[in-house]
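The structures come next, written out as structure tokens.
The same chain A turns up in both complexes below, where it pairs with chain B and then with chain C.
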Partner chain A sequence: MKKHPRFLSLFLFIGVFIFVIVPFVPLIFTSLSFGWRWPDVVPQAWSLRAWEYVVNDGRTWQAVGISLSIALIVTAINIALAIPAANALMRYPVRGKWLFEAIIFSPIIIPPFISVMGIHLTFLRLGLTETVLGVVLAHIAPTLPYMFRALMISYQTLSTDWEDQARMLGAGAMPRFFHVVLPHLAPGIVAGASLSVLISLSQYLITFIIGAGQVVTLPILLFPFISGGDPGVASAYSLLYAAIAILTLIVMDAALRRYYQRNKATKEQAKGVKP
Partner chain B sequence: MSDLRIIDIQKRYISAQAREENPFMLHPVRLAIREGEFFSLLGPSGCGKTTLLKLVAGLLEADGGELWVGDENLTNVPPESRRFAMVFQQSLLFPHKTIEDNVAFGLKMQKVGKQQRLKAAREMLEHVGLSGFGSRFPDELSGGQQQRVALARALVANPRVLLMDEPFSALDPGLRQEMRELLSRIQKEFRVTVLFVTHDRDEAFALSDRIAVMGEGKLQQVGSARELYERPETTTVASFLGLRNILGGVIENGHFASSDKIMEAAVHLPLSDGDYFMVIRPEAIKASENGQSGHARVRGVVQEMKYGRGIYSLIVKVRKQLLECVLTIAQAEKTAVGEPIDLFVDMKEVWFLKE
Partner chain C sequence: MKIYPITAFSIVALALSACSSEGASEAPNTDSLLTDDWDLIQEAAQGQEVNLYMWGGNDNINNYLDEWVAPRMKEQHGIELTRVPMNDAQDIINQLLDEKTAGKTNGSMDIVWINGENFKAAKDNGLLWGDFTGQLPNFNDYVDAEAPEISEDFGEPVEGLEAPWGKAQFVFVHDEDRHETPPRSIAELAGWVQEHPGQFTYPAPPDFTGSAFVRHVLYETTGGHEQYAQPAAEIEDLEQRLEPMWQYLNSIEPYLWREGETYPESLAKQDQLFASGEIGMTMSYDPALAASEVLKGRFPESTRTYLLDEGTLANTHFLSIPFNASDKAGALVAINELMSPAAQTAKLSPENWGDMTALDFEKLSPEDQQAMNEVDLGEATLSIEELEQNRLPELSSDYIDIIEKGWTEHVAKE
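And then the complex of A and B:
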């Protein structure tokens, strides 16, 4: 029990280091350098030019705001859609259950490019292109399946006995949902929401086609710099993007902990008192 | 008086797979449970006890029948408004709430103020012997303690009826005994009406004022433990209560003759002629006549001897029939497995039933 985990954790650490940390190093160097070229291993000259550009450009923060708003609205809609859907499909003997599941999962099986062309045509007719609402609606397709899947698993482990018990204590439908169902679903919701936020944040193609350049999210802003050849600014944007994604995950995790009101410290404390 | 009256409540499960031959059916049940009574539903697993309990709770919708408490018709009242409480086999404590908040939950649903409901919760925890555990979380309690909390939580809002579905069957025997005593004490203290489900005969006998024996979706017989044990109405009830000495036979002119001809004796009860089953409680069989009259003598061979709590329990083979009887240690020491033995059946203690 001692040797193996230590060996394993070292292995894991090296893996994380190589595949997660190391790729960031050149990004950091590029964003902070001035003309860093082969064969220099380390940049010869340092500069804050790229960061100054990124931070001082009003479009950056607007894009961050729009990206985050879209991601959060999409996620909120996903939660509102997935809870009743998962509830119905897991709790009731629905006929043709597989068909509903297939429809919900199809956006992640069919390439997004194909569906987005059809969506684009429809949205053109409805006047939803070039609007944030249109982009939000288009983002639901590739994100909802993950939220649905996470909630389906949460529902699978929630026996109806719990709700029956709450009912027998006088809880109506709303209190039952908030006191029994929601706490049980919370980890699933956070898992689904994390995926939903990350996938929405990283959408380029769908945003580009539906938003038609009028809805400028971070990936839309970032793309010309990568293809247009300012690697310094592109690196700074990439790092900003990564920071926002990581920050969102951390905030959501913290929210879950707060929701349960029992972080590790209080639990340990309570355990300590136990005779 | 607010008695609980179950009037012809029935239920047939509609099976998901339509091909299933005969889905379970609970035949119409009619029962009146007095206020403050401890009433048990006793029956083998799968006989429909949980189904009936959930129908009373309202968690299952009945196909027909009515439910009344006093002069209030609760048939169409949803479970959360019936002011019933229920304790399940698992304690089902809400894992993210403290013990105190769990116990106070029912009062919270009734919009009782926070201070007041926590005070009530603490008092109730004291009643079940768990004062000082209030700020813990359910996973920091043992199984028995969790079930005590479940009991406290059920009682805190002063329910009209407490429904319990095999609440102690997941506990080990010693703990079960302790919980029975606790429940019995608390039930008398709060004078709450209890409808208790169990498949354990001893549990039902130890706790109940009255018992309904269930079998195959029907109420078989209702009565006190003693009535059921000494005067069962059917062989099903008799054998479920552990009465294994059942002899088929005929009564003619006040005389019983068993069909396998192992015994013949005068009947002490005024019964008309016909086919009967004679039920002999193990205690009604003695190893010596004691100079009293009215004993029927049978001769058999001891097949099995088991010691249990100060007495011996014997299985004696009389021709093809096995008879179970209990002997004192002194009597048992005079015999051994494989030896012939004379048994005397006290005819004043036997019971006859038709079918």
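And then the complex of A and C:
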């Protein structure tokens, strides 16, 4: 990679600082302050009340676990759905392709509230409300488009020639997918998965309506405090939420890096063995 | 290969239909609980898991239920009480309406915390179980069932469908160090805002508290609440009668926070303005809220509450059991326990919540009375006697609708 000019990286750093780091400062102050009033720029007294409540409440950690499990299951299902869909739509001459794309992308345009109201009655009859399964199914609609979009772009740059070549060398369908297609899709999958996890983690309304209070995710605990006006506890929950989201992204990114490093290592090994 | 997805789909469909039909047959006939002996009910309640659906935006209230009530419920009655946080009681009603439409009989809401418009909506749509309060020993022993604030909820007859849990009364909140003599009537307030421009505002209706402030203006500018005891539809010249209220609200508007160009969208926002010192007054439907905010360090130490000379609105909040609650026996025992003198005394302390008791003080034993008197309400809270002697009745919800819509038209848009 070409090295950026110095002023550009400085500019980027300032941009990141202002838009990403600075907004966290008042959140940290609010969650830790005891009576923070105008005109004090920095709180004069500190209190751990909000954090004690958030950390000691057993539901917080239960909610973190449930939020993450739902997000990961949703993402796994999205990958399984989006790979064949992107494959079919990008590589075969499908008639009415725009229609299929429109259907898959529609959740981005149509507010989730509208669809979830209808889904709720159906799920009630099927006994899917108040279950993690129901919430997972409901989360797929708003997250799938992002996964699909990322994979569509990955497939656009993957010529079928590569697979044809592998086939000529005698590779079956499975090895072709795992050794030719998947490595090429991996960055797209991680990009899509990051979005899918983040969007699933941030769902309030859908989780609330389908989960009906029995599936308690982090936003379900957080929202009453935002609207009820306890900025201390709301800030503490928001920080916890942000930390978990960032941590998940870092872990996913690290997994991708490891995957590439391992691949590189095995390739180099293979080279070394050959005469 | 082609058969595979079809088989998978039918297996899922079968499994799902099995789930839903199982759910339907599970619902036991529980109406006998409305007439059974209390001992039988207590026995049936053993080991039940009771879900209490309630607004979850106050850490004190949450802690009171999770740490004070729930362990005692488990110890004394073998009931697992779970608090389910909601953002708005309105959501509870919407949820129940959908469940009723879908015919769900084994609902997970066992107790719901409601009052006013939500109670009326629930009652009108048949979402509540039945006349159960007569079964509760603590209701029979300690509650004055004839008192208007118990027998009616915002003008709607309660008919035993919900049990009183606590009482609320409107108070104004100010900082003694900044404004020594706050206005004690709506008329005085008009002069006060001119002397202190930008120091007063109220949350925009339909915010619950903002709407209540407007009702105080209504009572004082149009000559008392007595005339509104009849249904709104029966007053022919209602528009004209409300006119002085709109005039008053428009006349103070230029002196409000940000010249009345905008109003705080919720009480939470207004409290934030007061907490940060941007305005000099706020209001609350919870007389002890200011005291508990002082304890949290959010409001200054010199915060005080006060009433209008003509009194302020008061109402009662209730616990009810939905039509499809799965653990009705447990719900009955839990509600009875929440109404016990011990639980009500703990609830009174601002450290726990600071909510006024729904019980009739006269009916309590001398020991219980003393325990309640000994609770330190905090300096910001008025005495229970002062609050009790200055109560104004609530309007019924048809008026509230008219006023809230009228406010947008006459005040916000002009």
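Here is the rule we use: the second predicted complex is superposed on the first by the 256 of 275 C-alpha atoms of A that agree within 3 Å, B and C clash if a C-alpha of one lies under 4 Å from a C-alpha of the other, contacts with A are read in each partner's own complex, and residues count from 1 in each chain.
The rule is short, and it goes like this: a contact is a pair of C-beta atoms (placed from the backbone, for glycine too) under 8 Å apart; a residue touches a chain by one contact, two chains touch by 3 or more.
This is a predicted model, so every value here is computed, not measured.
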TODO: Return first, second, both or neither, reflecting whether A:G65 touches chain B, chain C, both chains, or no partner chain.
DONE: neither
- [ ] Using the touch definition from the top, say if A:P23 reaches chain B (first), chain C (second), both or neither.
- [x] neither
Open item on the list: On the A-aligned overlay, A:D164 touches which partner chain: chain B = first, chain C = second, or both, or neither?
Closed with: first
- [ ] Using the touch definition from the top, say if A:P5 reaches chain B (first), chain C (second), both or neither.
- [x] neither
Task: Touched chain A residues, chain B compared with chain C - done: C
Task: Partner chain(s) touched by A:G15 [first = chain B, second = chain C, both, neither] - done: neither
Open item on the list: Tell me the contact category for A:P84 with respect to chain B and chain C: first, second, both or neither.
Closed with: neither
- [ ] Applying the touch criterion given at the start, work out whether A:P111 contacts chain B, chain C, both or neither, answering first, second, both or neither.
- [x] neither
Open item on the list: Per the contact definition in the header, classify A:G232: touching chain B only (first), chain C only (second), both, or neither.
Closed with: second
Task: chain B and chain C contact sites that coincide on chain A, given as residue numbers - done: none
TODO: Sort out for me which residues of chain A touch chain B in the complex.
DONE: 93, 161-162, 164-172, 175, 179-180, 183, 260-262, 267, 270-271, 274
- [ ] Spell out the part of chain B that touches chain A in their complex, as residue ranges.
- [x] 16, 54, 57, 59, 78-81, 83-86, 88, 90, 92, 94-97, 105-106, 109-110, 135-137, 140, 153-154, 157, 163
Task: Complex contacts: residues of chain C adjacent to chain A - done: 16-17, 19-20, 22-23, 51, 53, 55-59, 62-63, 66, 84-88, 91, 95, 98-99, 101-104, 108-109, 266-269, 271-272, 275-278, 296-300
Open item on the list: If we count contacts the way the header does, which residues on chain A are in touch with chain C in the complex?
Closed with: 33-39, 45, 47, 49-50, 53, 57, 120-121, 124-130, 208-209, 212-214, 216, 220-221, 223-233
